[in-house]
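Got some structures for you, see below.
One chain, chain A, links the two complexes that follow: it is found with chain B in the first and with chain C in the second.
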Partner chain A sequence: MPDTMPSYVDSYVYLFGVLTLASFFWIIISGVILVIFGPDWWHVSAVGHFFNSTHFWSVQAFFFFMVLHLWAQFLMAAWRGGRHWTWIGGWMLFLLSILAGFTGYLSQNNFDAQWVGTQGKDAMNSVGVGGFFNLLNFGQMYGLHVFLLPMLILFLIGVHLFLVRKHGVVEPLPLDDGYDKENRRPTGSPVPEGESRP
Partner chain B sequence: MTYPNAQYRQIPYDLVRELTLATVGVGVAVLVLAAVFSTPDVPALSAKQVVQQDPLLLVQTELNDLSGQSALATYGPPYNHGTDSVQAIGGFSPQAWSGVQIPIDPAYTEVIHPLERMKWIDPALNGILATWNHASESQQSTWVDNVQHVLPRAAVVGGKLILPAAAHGSYGPVVALTNDYLALANSGLLEAAIDGEQGASPIINRTKSLLLLQGAADSTYAQKLNMLGENWGVIKETGNYPGAVWLWYYTLLYQIPPYNTSSAADLLVVLTVVIVTGLLALTPFIPGLRSIPRWVGVYKFIWRRHYRELRSGGNPYETRE
Partner chain C sequence: MNGPGLQPPINAGPAWQYSFFNLSVPDLIVVGLMIVVFVLAIAIPFPGGDNDSTH
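== the complex of A and B ==
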């Protein structure tokens, strides 16, 4: 566990990632409760409906912070210094999260699910995957939503955090747009002993 | 272990405190939002609802399926060999290549088959279905056409289809079939009769019954709820709730040319989204695209304290042993 961070990380922009993680935590907690009581529960119970609402607003918070995190990382060009897999992994997480949100939407067993399923199937069919990834098959959507996709997201979050830890937080862009490519660091920054390249 | 950015001056960092505060903060926010705003839950549209509110709409749906004129009957893969909904860009048509994977013959799947399941309860259906099943296709079409022709002057009274008088036999068994179909819908069992082919196992795949109402019935209901495509309904929930707003880019494409006028709109939109997403994910390797952050310059604001320190002659770097 890190107990220090570079001084340039002292900015609120770095909170978007941890806020995304916190939202994911609440998605999992509320989702597990909904799974335990079954997919019908929230339609017939006020308590169930409240947990469904918690799940829904956690998802809204999750995407809100994740999109801010994504924009912030883009505007900081955070893929620099060998961090391209962190960036690509982040995109994979974003896409998997969209799929998870979509399968959740389709698992609602209400008109929202019915309408989006019947409308969205045409897009799936148009690219030839509708027969396999069938938006109108509740069992398939629910299974993907409550198990496979969360597991994949959890795994990729683990990889993402490992990469962030391995590479460290991306360093500030050089102000003069000059980059000391030879030493692979902003122009003017000191080169530790033994790292200087001939 | 030395991290790549250990060369910078370090400040204390309490990760546990940050995680705890974020989790508690977000938790309180979502609990408050859930308590104050709740979530929408408009029940799915059922055949029972349709038959009670607009029975002729269900009759029309049934007749279109029986005559092979419904959107589903002419859809194409993955449901059947129709061509109306098959999308292609030039010779590129993954939909056509994918073939029929969920076979659906609407006349049988959506109408005759569920009625056949009811003949154990209503033996009179045996004769009605036998008349239909033993007739030639052209005879079946003639019966349905005759009914559809007078449908604008028809009514449903007491659950029965009332048609203008016509020559004996010109409607064949269609009126009787329709009356039983309306009764089945009215009982609330139509969807189960369509989907539940696997004996006593629970119905967890409602593809076929959802496709029954996918046309006019769903659209009419969606229109009342402001859920149509032009209202960007597919990215919002019923009511004034945010839905999948993160799909704004995907939905935006449907609103603009050339997508909104193309017969292969879905295919074009999906391909565009896949290409754009691929480019964004590969930003680190794409000259120009990866330089945008430098041109935009927001990073100067984000790291302003760091740069201020540099300009004032300070040293935000330090070499660690």
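== the complex of A and C ==
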């Protein structure tokens, strides 16, 4: 594995991944505390409200930085050089995180959650998964939210970070200064037959 | 859609609407902030960035 950092990572855009990770850390810490005491606590006590809010705002930060991370990786085409599984794994993390956010919304155990559940169940039924994924089943949604989805996300983050370490940071895209050095003419201008230099 | 007596309990206030797009004012603020933070992350030079170099 590479053990030095190339100079081109000296930019704030490379921090979005680790900021996402830091937000995820606080989501887990606050979420574990919520799980220990339960909805009857987080809805009524001041300390419960505090950890409920910490959990909520950590999620906001998580998605905020994850989307900025996605933009950065997209704009530098970071799937190059055999890094496609880092990119695909990132997408799986993104989609699973949306599902985790959704089941979390349903796990609030308040009127918002009921409203989302009763509206959303029709969408689930319309695509034929309602019998299996029942938004009105609090136990199912809560179980997915506090166990299955976090575990999957944790595992995929592990794979994601391993792949980043394994491949090293992707090289910046070649600079297009309007001059095609290889063929010694402006970029994009046609190269006559037989004149190309492989 | 809803009669005057039936209002959704979740009401995010005014929203920008175009076709199926629907972004509330808080949504727009967050998207705006994300663009600002992204541009700043690219524009602001990283401190101590010019000493090392293994490349």
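Going forward, the second predicted complex is superposed on the first by the 172 of 198 C-alpha atoms of A that agree within 3 Å, B and C clash if a C-alpha of one lies under 4 Å from a C-alpha of the other, contacts with A are read in each partner's own complex, and residues count from 1 in each chain.
The rule we apply is simple: contacts are C-beta pairs under 8 Å (C-beta built on N, C-alpha and C of every residue); 3 or more make two chains touch, one makes a residue touch a chain.
This is a predicted model, so every value here is computed, not measured.
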| item | value |
| --- | --- |
| Chain B versus chain C as contact partner of A:148, first or second or both or neither | neither |
| Partner, of chain C and chain B, that touches more residues belonging to chain A | B |
| First (chain B), second (chain C), both or neither touched by A:13 | both |
| Which superposed partner A:115 touches (first chain B, second chain C, both, neither) | both |
| First, second, both or neither for A:138, with chain B first and chain C second | first |
| Touching partner for A:28 - first (chain B), second (chain C), both, neither | neither |
| Which of chain B and chain C A:159 touches, first, second, both or neither | neither |
| Which of chain B and chain C A:99 touches, first, second, both or neither | neither |
| Which superposed partner A:68 touches (first chain B, second chain C, both, neither) | second |
| Contacts on chain A seen with chain B and repeated with chain C across the two complexes | 4-8, 10-11, 13, 15, 60, 67, 72, 111-112, 115-116 |
| Residue ranges of chain B touching chain A (in the complex, touch as defined) | 3-16, 18-19, 22-23, 25-27, 29-31, 33-35, 37-45, 77-78, 85, 87, 94-95, 97-102, 204-207, 210-211, 213-214, 218, 221-222, 225, 227, 229, 233-234, 237-238, 242-247, 264, 266-267, 269-271, 277, 280-285, 290, 292-294, 296, 298-300, 302-303, 305-307, 309-310, 316-320 |
| In the complex, chain C residues that touch chain A | 8-10, 30, 33-34, 37-38, 40-42, 44, 46, 48-50, 52-55 |
| Residue ranges of chain A touching chain C (in the complex, touch as defined) | 4-8, 10-13, 15-16, 60, 64, 67-68, 71-72, 111-112, 115-116 |
| Residue ranges of chain A in contact with chain B within the complex | 1-11, 13, 15, 18-19, 21-23, 25-26, 42-43, 49-50, 52-54, 56-58, 60-61, 63, 67, 72, 74-77, 79-81, 83-84, 87-88, 91-92, 95, 98, 101-102, 105, 108-120, 122-123, 125-132, 134, 136-140, 142, 165, 167-173, 175, 177, 185, 188-190, 192-193 |
